[in-house]
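Next come the structures, one after another.
In the two assemblies presented below, subunit A is common to both, partnered first by subunit B and then by subunit C.
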Partner chain A sequence: MFNLPIEGEELFVLEFGDIVNYFSLYTTTLFLFATAFIIIAIIARPERQTDIVFGTDAVYIKDVNQENLRFQRFMAIACGLATLGAVSSGDLFNFSLFTALIGITNIGIVAGVNNRYVLNAAYNYGIVAMVATTFLFGGAATALGTCGTLSIWELAGLGMVPLAAKMFLVLGVMGEGMAPFYIAKAEITRAPGAPYVLMIHVSSLLIFLRVIEIILTV
Partner chain B sequence: MITLILPAVFIGLLFHGIHRKVIARIQGRPGPPIWQEILHTLKFSFKQTWIPKTASMPMFVFIVAVSIAIWTGAFYIVFSGGSLLLLFAVFMLHKITEHGLGLSSGSPYGKFGAIRSVMSAASEIPLFATIAGIYVVTGSLMISDITRYQEIHGPLLIGAFPIAIAMYIVILSKMHYGPFSIIEAKEIVSGNRTEHFGVWRAGLEVAYALKTFVLLAAFVLLFIGALPWYLMLLAMLIVLISLSFVCAFTPMLSPFDAVALQTVITGVLAVYIIVLGVIG
Partner chain C sequence: MIRRIGKGFRIFSNWMSTYENLVAVYAALGILVALCGVLMVPMLTYHEDQIYSKTIHRDSTLDPYDRGGIPFTRAEVKAQYPANSPTVGFVTAYLTPLSWFLANSTPYLGTTIVAHPGGILDEILYNTRGLDTVVETSILFTAFAIASFLFRRRD
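After this line comes the complex of A and B, so read on.
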């Protein structure tokens, strides 16, 4: 598949039958980026959020619940690991699975804040993410039904995957990767953002970048 | 390649200075000297550096290093004829650094900048339209193949003008003082960069100078073709001055209008690419 003029040179290939996990320059870049942010999520001290008191010049620092932060950190690391899987998978089913996992962990990161508005945002996003899962697996199933394999390596350059399956995959990723918009609605202004909320943005953008590579390749 | 990074940074900073000068002259102001941004960067390099008590460490510092690293990588991709998809990835990862800058400080102003950065994610969509369009026209996403295609078929600026417009808007969305620069609007101080001072700000200036240089170089390579270095710089300067004109004449859009306009442009381009794909 590296004959295709899309993603640059091959760096590493790991075969499991017809399922071939591969690292190109492109996927390696995404992988390293996700790894760096997982390390940051593990070692970084969360920000102490300040807010403005309306009508005055005063600012105040919000207290952070350690219990919630521990849960957010766990979810952020899980989200990072799922992202690693999504960007390195050579199989449409595994890609869909890891992407769905990213959606679930993103809900967890948002829901780890005891605030009515934030939880409401998590609930809304959860519904979108669940609906998106249908499209995601529908895309993979359509590809399997049409081509007889889910291996990106096997399907590369053949153009056999129907346009509808590609559109389903993109719609699925858009739904799962919609998180930053829900976060912007409430979470960022009411909860500590770095480094846990940032993992939501990292994972969302990386799966978006990966699905573009996949639809161009297959 | 590494020895070219330093000149690229200086030229990028000089471009920022020229950009400010052109805007000032159009608006009837004398404006700063064109080397002002170089002086700014040097000044910030030696100023006192501090980290807010509320910041998320080491994220606050790490995000500056990431910003420099990704644009250094982008410089390598463009000038080694690498994959346009990888350049697109860098552009998207830049969005994460914009978020990270704002989120890591704990400042409400930085946070508002970060939120606007999320909202203006639509600025990446025209770049995707550019990539899809170029792939449909040239059949390759390798920059080396695209420049070779132009040697045979002529510049894509003429052959695929709407795609060039999309890329132009992408660059415009990343220019200082432009209509889409909502993340650093003055009503939120310096937006996501508010708390990054001293050497951190100098690092960001370096990264943004590289970004401007890389995006302008990519535009010239993708739509005009490979040129001798002095003609390349001249072409980049002409593109930059045209962008400065747009920035000088256009007010900053509201976040809603910025997103709506970029989405409409992408929609028009999607129709163009579909027509191109069907007819081609």
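After this line comes the complex of A and C, so read on.
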């Protein structure tokens, strides 16, 4: 597996029974990137949105509710941990599970915003994320049925995983990683408590990068 | 002509920029991929040598969950990396004394897998692929956390 061009050299291997996580040069880069953003989520203070009243000197500062902040921070850290799992997983089904967990925590981050418009966007994203799990686990199941195993170590470089399973996996990750579209549209980035929303972008980016690596490897 | 194309394009981009419609876009993609998947079914072949194979013994008292083995002996269980699971085979064979008594005296223990503690522990769920089970429960608890947060929020 580590002689394939995309992976780079083998750095570290972490065994959980049949699920053997691997840290190649590629996945370690993603892992460190996610770690950096978890640290940012832990130490960052939320942004306070300001509205300037046109034509006067008055400025409104929106306060961030302490309870919402705490929940959003918790969900952002959980999302970061799920991303760590997804980028280092050495097993197709385990990767699918971590990706589904990222989808759920993304909904949680957005759910901490007290705004009807934003919650509506979160609801829409929730529908997509739930539908996407069908394809995600369908892809893993198809791979298991046709190859007899799920370990990326065993499947690497053989090209045994059928195209249908790869398409399902990519579409599933697309659905889970669709959250930034909703964020851009619903302008959640400007909503109070902004730094935690960054984690949604980071996790979506990283699972896309990881699924590309998996598709090229198996 | 160009103006008409431009108008159509504007209507389309207007429609796409409404986030409520993204579900429809994803649904269309999903239908496309699912159709491709259905068309590719004849090309898929079932791999005979399955790592997580399952056999059902209909006459066993642990019927659908019987994976073989008697307590404190090693059952025949396949693992991808046996070196990583030194206790493979012991987990699925183990029954608590109560379950062992029930299994020997009634033919219906397999139907009560959740009704008594320490019944049949699945090798795949709790030993060789234990990390999957951990992540599954994390998903469940995260969903509960979100639901309870939304329910208890004052507004």
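Note that the second predicted complex is superposed on the first by the 199 of 218 C-alpha atoms of A that agree within 3 Å, B and C clash if a C-alpha of one lies under 4 Å from a C-alpha of the other, contacts with A are read in each partner's own complex, and residues count from 1 in each chain.
Just so it is clear, a contact is a pair of C-beta atoms (placed from the backbone, for glycine too) under 8 Å apart; a residue touches a chain by one contact, two chains touch by 3 or more.
This structure is a prediction, so every number in the text was calculated from the model and none was measured.
In the three-chain model built by superposing on subunit A, subunit B fits alongside subunit C with no clash.
In the superposed model, A:Gly145 lies in contact with subunit C only, and not with subunit B. Once the two complexes are laid over each other on the shared chain, residue contacts for A:Phe33 go to subunit B alone; subunit C is not touched. After superposing the two complexes on chain A, the angle subtended at the C-alpha centre of subunit A by the centres of subunit B and subunit C comes to 150 degrees, rounded to the nearest 10. In the superposition on chain A, A:Val13 makes contact with neither subunit B nor subunit C. Contacts of A:Arg48 after superposition on the shared chain: subunit B is touched, whereas subunit C is not. Which of subunit B and subunit C touches more residues of subunit A is settled by the count: it is C. When the two structures are aligned on the shared chain, A:Val64 is found in touch with neither subunit B nor subunit C.
Shortest separation of subunit B and subunit C in the overlay equals 6 Å (C-alpha atoms, whole Å).
Residues 181 of subunit A touch subunit B in one complex and subunit C in the other. Those residues of subunit B that touch subunit A in the complex are listed here as 53-60, 62, 66, 73, 82-83, 85-86, 88-89, 92-93, 95-96, 99-100, 102-108, 111-112, 114-115, 118-119, 121, 128, 135, 139-142, 145. Looking at the complex, you find that subunit A touches subunit B at residues 5-8, 25-26, 29-30, 33, 36, 40, 43-52, 59, 61, 180-181, 183-184, 188-189, 192-195, 197-198, 201-202, 205, 208-209, 212-213, 216. Contact residues on subunit C toward subunit A in their complex (touch as defined above): 17-20, 22-23, 26-27, 29-30, 33, 36-37, 40-41, 43-52, 79-81, 84-85, 127-132, 135-136, 138-139, 142-143, 145-146, 149-150, 153, 155. Interface of subunit A with subunit C (complex): residues 15-20, 67-68, 71, 74-75, 78, 82, 85, 93-94, 97-98, 100-101, 104-105, 107-108, 111-112, 114, 121, 124, 127-128, 131-132, 135, 138, 142, 144-151, 154, 162-164, 167-168, 171, 174-175, 178, 181-182, 185-186.
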